[in-house]
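Some structures to go through are shown next.
Each of the next two complexes has chain A plus one other chain: chain B in the first, chain C in the second.
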Partner chain A sequence: MLTIQNLHKAYHTHTVLDQVSLELPQGQVLAVLGRSGCGKTTLLKALAGLLTPDAGSINWAGQSMDAVPPREREMVYLFQEPLLFPHLTVFENIAYGLRVRKEAETHVQQKVAQMLQELELQEHAQKKPAQLSGGQRQRVAFGRAIIFLPRVLLLDEPFASLDAQTRATMQRLFLRLARKYGITALFVTHDVKESLLVGDRFAYMAAGKLQVYTSREAFIADPQTGVRDELAFWSALEQQTPYQP
Partner chain B sequence: MTTLGQQLSSKTKPGAGVYLRAFFLLLAVLPVAGGLAYGLAYSFGLAGALSTGFTLQHWQQVWSSGALLHSLAYSLYIGLVAISIATAAALFLALYFQKSLRSGSLSYFLYLPLTIPAMVMGFLVFQLFTKSGLVSRVVYQSGWISDLQQFPSLVHDTLSFGIILAHVLMAVPFLTLLFHAIYREQNLEPLQEVSANLGAGKSYFVRHIAIPTLLKTAAPNLLLYFIFILGSYEIPLLIGSQQHQMVSVLAVQKFQRFNLLDIPQGYAISVAFTLFVLLLLSISFKKLQRHA
Partner chain C sequence: MLRKTLTAILIAAILLPFLFFGMLSVGQAWFYPSILPQRFTLSNWQELLVGQSELQVSLLLSLLLGMGVAILSTLAGFVISKEIARAKYKNRWLLLAYWPFVLSPVVLAILVQRFFLLTGMSGEVIGVLLGQLILAFPFAVIFFQSFWTQEVLQLEQQSQTLGASAVYTLQKVLLPLAKPLLLICFFQTFLISWFEYGLTQFIGLGKIKTLTILVFKYVNEANIFHAALASLLLMLPPALLLWLNKKFVFRGI
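Showing the complex of A and B:
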C-alpha cells in the first residue's frame, strides 16, 4: 500500500502541493486528472524522490520512503518525453534497469525478449531510438520502466504527445500490462476519457490540492472534473442538438 | 505567388544552385586541390626553378631515408597521447563541474586559455619546465633537488613531455566547452534523472551513458583536433627534441635549407602527409557514419 500524508511543497510564496494525502492499494492504478500547472508533475517527482517536499511523508508497505534516495526508491517516474538513452539499442534501453541490478545475463536476455514481445517490438530490438516512431519510443520507455517490476510506476501524461490512434493503442497496452504484472501506478492526465479508461481509482487535482474519490460514480458526478460536460457534449452530438456548456 | 513569380523562381532556383556550388568549389576546393597538384608536380620534378622533368628520385629519397615514416610515427604518438590526456581531463571537468560551468565561473578560466596562440603556449611551457625554468627553481628552493641540473628534462626531451603538455593545455578548454555543450544538447541532465530513477548511481551513469554519448557525439571534432595536433608546427619547433621531428617541422626544414634540391623532398613529404590525413579522414568518417 502506498500512503502519502500531508505532502506540501512551495516555491517561494507559491504553493504547488497543498497537504496532499492518499492511500493506494498494491496493484491498483490511480488516475489523477488535472489541468496544466495544477501540481501533478511535482507530486509525481516528489514520490520518485526527484524533488524534496517541504513537509509530509511517503510510505510504502508501512516503511518510510522519505530518506530513501531516488535510485533505491523503486518508484519509477515515466517522463512525458520518452528520454531513451540515444546510443543504446532498444534491447539495451529496456535491459538498463536489469543491468544496473546486475542480473544474470541469461535472465536479462530472457526478460527483455519477453518484454519486447509484450511491446510488439521484437523486430526493432537492435534499432537505435532515433530510428523509431514516437509511439514506439514511448513503448520502449514504458518497457524499460516496468521490466524490473518497480514498487510504483508514476506516469506523467505519458501519451500526451501521441496521435489519437497511437494513444489508444498505448492505453490498451498499459492496461494489459498493468493487469498482467499487477502494477501499482499513479497515472496523471488532463484527458477525461483517458483517466476513466486507465484508472481503478480516481482523483482530481487543482491548485495543489488533491481530491480522491471513493468511487468512479463520485468522480463522474463531481462537476469540477468535467466528466459530465464531456458526456453532455457527446450526447448532444448524438442527438444533433446544440451543446451548451 | 503570381504566375510571373512562379516562372521566375522556377528559372532562378536551379541556376542559383549551380552558381553556389561553383562558388564553393572556387573558395574551398580549388586552392587546396591547386596546392596539392603543384606540390605533386614539384615532387615529381615537373615544377620549380630546378625542375629536371618527371622523376621519382625525390620520393625515393624521402622513402629510403625513413625520415618521413619516423616523423609520421612520432607525430602519431604525440597526437594520440595528447588527445587522450586532453579528452580524459575535459571529460572529468565537463562531468563533475557542471554547476561551475553553467554558472560561468569555470567558463571564464576556460575561455581565457583559448585566446592564447600556440607559439605563446610553447614559450609558456618552455619558461616553466626547462632545467632553469620556474618549476625547476621552485623545486630547487624547496630543497627537493640540490642542483638545477637534477631537474628532469621536460622540454626538448625524447618523450616530448613539453610538446604533449602544451597541446593538452590548449585542447582541454576547447574540449571541455565542447563536451559541456553536448551534455546540454543531448539532454544528459534529464537522462541522469532517468538513470537514477531506474536504480543507477552517478558512476554507472557516467560510465555507461554519459561518456559513450559524449565521445560518440564529439568523435568528428576529436578526430579533427587530432589531425590539427598531427600537423602542428610552432610548438614542436620551439620545444621539440633534436632527435625526433614532427611532420610539419621536417617538411619546413626541407623547404628552408640552403640546398634548393631538397625542396622537392619537402613537397613530397607535404603531399604524402596530406594524402595520409585524407585517408584517415575518409576511413574514420565512413566508420562514424556506419555507427551513427
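Showing the complex of A and C:
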C-alpha cells in the first residue's frame, strides 16, 4: 500500500502541494484529474524522489521512502513526452531496467521479447526511437517502465500528446497491462473521460489540494470535477442529433 | 565542373602552406632573387628528431599543454556546464563564463599576472597550463550548454527512476549522447592551447617556449628555415584533428 501523509511543497510563497494525503492499495490505479498547474506533476515528482517535499511523508508497505534515493524507490515516473534513450534501439530501451538490475542475458532476451509482443512492437525491435510514431514511442516508454514490475508507476498525462484514436488504443493497452501485471499507479490526466476509463480510484486536484473520493459515484457527483458537465454536454448533443449507425 | 574546380581550389589552399613550409624546412641559404633555396638538407629535421633540441622540447611541451588543457577543460566544462544548466540563476553564471572573452586574453593576462607572480607560477609550465585554462574552461562551459537541454536532464531523471545509479546513467546514457560534443570540445580546447600566444607569453615570461612562441621567435630572428619547420609542426596536429573530426566525429552526427 502506498501511503502519503500531509505532503507539502512551496516555491517562495506559492504553495504547490498543500497537505496532500492518500492511500493507494497495491495493484490499483488512482486517476488524478486536474487542470494544468494544479500541482499534479510536483506530486508525481515528489513521489519519484526527483524533488524533495518541504514536509510530509511517503510510505510503501509501511516503509518510509523519504530518505530513499530515486533509483532505489522503484517508483517509475513517466513523462508526458515519451523520453526514450535516443541512442538505444527499441529492444535496448525496454531492456534498460533489466540491465540496470544485472539480470541474466537469457532472462533479458526472454522478457523483452515477451514485452515486445505485448506491445505489438516485435518488428520494430531494432529500430531507433526517432524511427517510431508518437504512439509507438509511448508504448516503448510504457513497456520499459513496467518490465521490471516497479512498486508504483507514476504517469504524468502520458497520452496527452497523442491523437484521439492512438490515445484510445493506448488507454486500452494500459488497462490490459495494468490488470495483467497488477500495476499500482497514479495516473494524472486533465481528461475527464480518461480518468474514468483508467481509474480504480479517483481524485481531483486543484491549487495543490488533493481530494480523494470514496467511490466512482462520489467522483462523478462532485461538481468541481466537471464530470457531470461533460456528461450533460454529450447527453445534450445526443438529444439534438440522434445517433445513427 | 564548377564543383570540381572549387574542390581543387580548396584542396590547394589547404595543401599549399604545407608544401611551401615543407620545402622551406629542408632549405638552406636562400638569397634574393633565387626562386628556390640554394641547398636542400635534412639537418633541421635531424635536429628535431635527435637530441634535446629547442624545437623538440617545444613540440613536446606544446603537446603536453594541449592535451592537459583539452582533457581538464573538457571534463570540467562538461560537469560544470550541467550544474549551470540546473542552477537557479543560470544566466548569471553563464555571464561569468563569457568574462574572459569579453576582456580579451591579453588584458586578462595582465589582470591575473599578479596572482601567478605571488604563487610563484609565473614562468612555470603549471602557470601557463592554468593560464590557458582561463580561456579553455569557460569555452567548454559555454560549449556544453547546448548539450544540457531540458530533455537531457529529464532523460537523466528517467534513468534514475528506472533504477540506474549516477555512474550507470553517465556511462550508458549521458556519455554516449555527449560523445560527438565531447570530442569536438576536446579538439577545440586543444587548439585553443596549441595556438595560444598572449597569455602563454605573459605568464610564461618567455621561459615557456611553446611552438607558437617559437614560431614568433624564429620569425623575429629572420630564421626562416626554422620558422618554416616550427610552422609546419604547428599546422600538423590541427590538420590531423580536423581529419579525425571529419572521419569519426561528424560521421556520427
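We take it that the second predicted complex is superposed on the first by the 240 of 245 C-alpha atoms of A that agree within 3 Å, B and C clash if a C-alpha of one lies under 4 Å from a C-alpha of the other, contacts with A are read in each partner's own complex, and residues count from 1 in each chain.
As a working rule, contacts are C-beta pairs under 8 Å (C-beta built on N, C-alpha and C of every residue); 3 or more make two chains touch, one makes a residue touch a chain.
From a predicted model like this one, the values you see are computed outputs, not experimental measurements.
Participant: Label the relationship between chain B and chain C on chain A in the superposed model as either fit or clash.
Facilitator: clash
Participant: Figure out whether A:149 sits in contact with chain B (first) or chain C (second), or with both, or with neither.
Facilitator: So A:149 meets neither chain B nor chain C here.
Participant: Touch check for A:237: first (chain B), second (chain C), both, or neither?
Facilitator: Neither: A:237 stays clear of chain B and chain C.
Participant: Pick one for A:175: touches chain B only (first), chain C only (second), both, or neither.
Facilitator: So A:175 meets neither chain B nor chain C here.
Participant: Once the two complexes are overlaid on A, one stretch of chain B runs into chain C. Is it 41-49, 59-67 or 203-211?
Facilitator: Residues of chain B that run into chain C: 203-211.
Participant: Do chain B and chain C touch any of the same residues on chain A, and if so, which?
Facilitator: 48-50, 69-72, 74, 76-77, 79, 83, 85-87, 96-97, 99-101, 144-145, 148
Participant: Show me the residue ranges of chain A that touch chain C in the complex, using the header's touch definition.
Facilitator: 48-50, 69-77, 79, 83, 85-87, 96-97, 99-101, 144-145, 148, 154
Participant: Which residues of chain A touch chain B in the complex?
Facilitator: Going through chain A, the ones touching chain B are 48-50, 69-72, 74, 76-77, 79, 81, 83, 85-88, 96-97, 99-101, 144-145, 148.
Participant: Under the definition above, what is the set of chain B residues touching chain A in their complex?
Facilitator: Residues of chain B touching chain A: 186-187, 190-191, 193-201, 204, 208-209, 212-213, 216.
Participant: Please output the residues of chain C touching chain A within their complex, sorted ascending.
Facilitator: Within the complex, chain C touches chain A at residues 151, 154-155, 157-165, 168, 172-173, 176-177.
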